[in-house]
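In the two complexes below, subunit A is the common chain; its partner is subunit B in one and subunit C in the other.
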Partner chain A sequence: MATLIQQIINGLSLGSVYALIAVGYSLVYSILLFSNFAHGGFLVIGGYFCYGSLRLLGAGIWTAGALALIGAGFAAVLTERLAYRPIRERTNVTLYLLIASMGMNIVIENIFVIIVGGRFRALPPVIPTTPVSVMGLATTSAFDLISLLSAVVFLGALQLFLSKTRWGLAIRAAAYDLRTAGLMGVNVNLLISIVFFVAGFLAAVGGIFLSVRYTLYPQLGAITIKAFVAAVIGGLGSLPGAVIGSLILGLAEMLTAGFISSQMRDLVVFSLLVITLLVKPTGLFGKSVSEKV
Partner chain B sequence: MSGYTEGIIILLCINGIAAMGVSLLTGFTGIFSLGHAAYMALGAYTTAILTVQHEVHWLPAILLGGLLAVAVAFFIGVPTLKLMGDYYAIASIGLGEAIRLILENWQSVTRGARGYPGIDPYTTLPVVAAFFLVLAIFMFNLINSRFGRACKACRDDHVASSLLGFNTARVRVLSLMISAFYCGVAGALLGGFLSFIQPIMFDMLKSTELTAVVVFGGLGSMSGSLLGTAVITLITELFRPISQYRMLIYGAVLVIIMVLRPEGIMGNREFISWVRAPFRRKAS
Partner chain C sequence: MTTEREPLLEVKDLRVSYGAIRALSGVSLKVYEGEIVSVIGSNGAGKSTLMNAIMGMVRREAGEVRLSGSLLDSRSYRVVQQGVSLSPEGRKVFAPLTVLENLRMGAFPRGGQGSIGEDLEWVFTLFPRLKERIGQYAGTLSGGEQQMLAIGRALMSRPRVLLLDEPSLGLAPIIIKDIFKELRLINNEGVTILLVEQNARQALLLSDRGYVLQTGEMVMDGPSQELLANPEIKAAYLGAGGEKAIRSVKH
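Moving on to the complex of A and B:
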């Protein structure tokens, strides 16, 4: 019983980190309708910014974290400006954006391979990992609770931003129809920059927690595949869907690792994806797919 | 001919076969795949297991490898290709990773992550050239057939083409199945060429490369895809000394092509029309 509760907390914690990544990815998808494969790159940028400011600048975790989030946010905006905007302005073929994003992912990954090397790096112990007892039922790591809590805070902030602010309203309008939003006087380029900033920002939060949980290395971004899977399970382009999908995925992964075998966890993830696509391809909260012909 | 040159030519033919398959799917039908290495893996492992453990002749084994890839493509394609958008792309990542993980963990059949050694070196230059020629002739005829035009129609405007009476979902699934066959055969030939296969050879980077050469050559141009794969294969050989920067250059090239010339080297024209074009312009 204690193991079960412990694995559920682990799963929720991992799932909440996936949710941070999946929400940013889903947000970009909902506006531009393409899978941004460079999203994993933003996560790695966040991780290395955090590592660099902790090690080289000797900053505290709050400063380092803030630097990492803002740095990754601007890196995401820069990526959009350099690689996606020229394509966006010329054509509306999302395939080109998709391929450019794959290229950007390879570029970002290999910039880090060349600059800092492919070595696995451990972040300094900035986030406590001491064991904590949860209501006397089970023991878990403080890190799991902190990552769960931070995810809730950031996702709540995103929800407030989207529902209460003018730009949030504009983003929701653009998710419905980007062109019409532009015609109604929304500055589309600024809006897309804001969306990418938010996506990079949230990916960096995920990146920091992932590099504490595992280690930091240039290929860490590959883990975003799981966030993509979570976004599809929840329904592409749906933010609540991305969160629920991520939690399901995190739980499934940790329960498999705890009770069956840790080798099977990735297999379970991809089986979940295939089953979702077979049974309900639009995902749990997908928009009704009117484009189905 | 030296062994090295022969090896490169065999590799060019194998990559060319896979590129033709992906080109039909991505360039002509407009479906993006990030898991075609999985079909190569299926072909390679089926052929390896059939020839080594069951002593089947390599020719039926290669064809069976291709057919298994077709079967898997069918089961993945039917639910996901009904939907437009990136569903197949995401599903293909899942498929690619799942197949690689199964190959790594199913020790008793595939010998796991350490790889499958001792495959007969059946991929000689005449064999691979024959496969390449037959498959190329078939493909170049296919893209100009009724089916090929249906693919292009679905790519350019799926609503209009479905209104014209094309069964778009069926065309898309068929296109995926044919491309899976080409990749399965290419994988089987690769196994025979290296006489050793390993699940990690068919990871997502390989899938990305398969799609990238097609984009590089020009979406909607079969000869462009062949040119693209030839250029990338040869550049990979040239850049071996600076392998550290190879992937960086490769990624940057992808982005730069998409920004500057998204239609690739050849655009959507074939080599023949590209040669004739200047003369035609003078005449008019």
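Moving on to the complex of A and C:
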């Protein structure tokens, strides 16, 4: 029983980090209709910004965190301007964007290999990992609770931004029909920059927690494949879907690790993906494509 | 006619191509303050292209578009800020947003604050049906209600010129009558209207002046009453005869 509760908390914690990554991924998809494979790069940029601020600037975790989130946000905007906008302005074929994003992922990864080297780096112990008792039923690490709580705060803030602000409304409108949003007097390029900033910003939150969990290295972004799977399970382009899919995935991974075997984790993850694609290809909350005509 | 006055909206020698295909080859038109002007033409004549080119949604290859004498920007979000808005072909309401949110989107350029409440009231007086459906998702509205919403949304930016692309498309005749009656009211409130329509009779009955667009060229223009009485127009667009192109080009 204690193990079950513990693994559920761990699963939710991991799932909520996936959610931060998957939501940005899904947000970009909903506007531009392509899977941005450079998203993992944003996460790595966030991780290294945090690491650099802590080690080189001697900043505290709050400053380092803020620098990481903003830095990754602007890096995402820059990626869009350099690699995607020139393509967007010439063609409507999103396949080119997809390929460009794969290229940008390799570029970002290798920039870090060149500058900081490929070795694994541990972040200083800035996030407490002391054991915490959960209502006397189970013990878990403070880190898991903090990452869960942070994800809830950031996802809640995103929800508020999208539902209560003028630009949030514009993003929701653009997710349905980007062209018509432009017709309403929305500067579409600025809107896309805002979306990429938000995506990079949230990816960096996930990046910091993942670097603490697994250490930091240039290929850490590959973990985005899990967030991608979560987004597909939830339904690409749907934000609630991305969150639910991520939580399902996190739980499935941790319960498998706790009760079957840690090596079976990825097998379960990808089985879930295959089952989703077989049973409901649009995902749990996905919109059918025909609606968008 | 009133040629000395400066037109509110002026399109001069506008050319647009899609790749090698020329969609508009030198189109000109003038809309004076307070007028309703219609552009009629059959499918593929370039009517939507004309609207989209004015809005900056497609690239203007040559020619110019002026509002009160100053050039309209080529970026559509600036065009809306300058005072021209479009109710697009096929309505294009934001289906997953509510009626209120759709109208808010129409007011986007003004920062969402200020007189938005007043404008909402104005749109609701014009289209009381929208007020009844205020919290409903736009995708669940009927075709006629969606058209009202598209027009209301375009009015929320307080445009000096309202462009309408085929407001009658896919609607029952009785609803079309309603919509055109509303357009008359909107015009009486001081909004200048430029309308493109395949439904030539309705458009000409509503408008003060009309233009006839045929394969990317204006082939005729004049007061709507005259166009309605013109035998060639009758034959080609008003269903009195077969679909026959107009040969004579008068300007």
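One rule holds for everything that comes next: the second predicted complex is superposed on the first by the 289 of 293 C-alpha atoms of A that agree within 3 Å, B and C clash if a C-alpha of one lies under 4 Å from a C-alpha of the other, contacts with A are read in each partner's own complex, and residues count from 1 in each chain.
Assume contacts are C-beta pairs under 8 Å (C-beta built on N, C-alpha and C of every residue); 3 or more make two chains touch, one makes a residue touch a chain.
All values reported here derive from a predicted model rather than from experimental measurement.
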Query raised in the report: Which holds for A:I99: it touches subunit B only (first), subunit C only (second), both, or neither?
Result: first
Requested in this report: Check the residue A:T180 against both partner chains and state whether it touches subunit B (first), subunit C (second), both, or neither.
Outcome: second
Query raised in the report: Which partner, subunit B or subunit C, touches the larger number of subunit A residues?
Result: B
Report task. Report for A:K164: first if it touches subunit B alone, second if subunit C alone, otherwise both or neither. Result -> neither
Requested in this report: Answer with first, second, both or neither: which of subunit B and subunit C does A:V188 touch in the superposed model?
Outcome: second
Report summary line: Dual-contact residues of subunit A, meaning touching subunit B and subunit C, are 291
Query - subunit B partner contacts - residues on subunit A that touch it in the complex - result: 29, 33-35, 82-83, 86-87, 90-91, 93, 95-100, 102-107, 109-111, 113-114, 222, 225, 228-229, 232, 236, 263-264, 266-267, 270-271, 273-274, 277-278, 281-282, 289, 291-293
Report task. Show which residues of subunit C lie in contact with subunit A when the two form their complex. Result -> 55, 57, 75-77, 80-81, 85-86, 88, 92, 94-97, 101, 104-106, 108-109, 111-112, 153, 157
Query - subunit A contact footprint on subunit B (complex, rising order) - result: 26, 30, 32, 34, 76, 79-80, 82-87, 89-91, 93-95, 97-98, 101-102, 105, 158-159, 162, 168-169, 204, 208, 211-212, 215, 219, 244-245, 247-248, 250-255, 258-259, 262
Requested in this report: Over in the complex, which subunit A residues touch subunit C? Could you list them?
Outcome: 166, 169-170, 172-173, 176-177, 179-188, 291
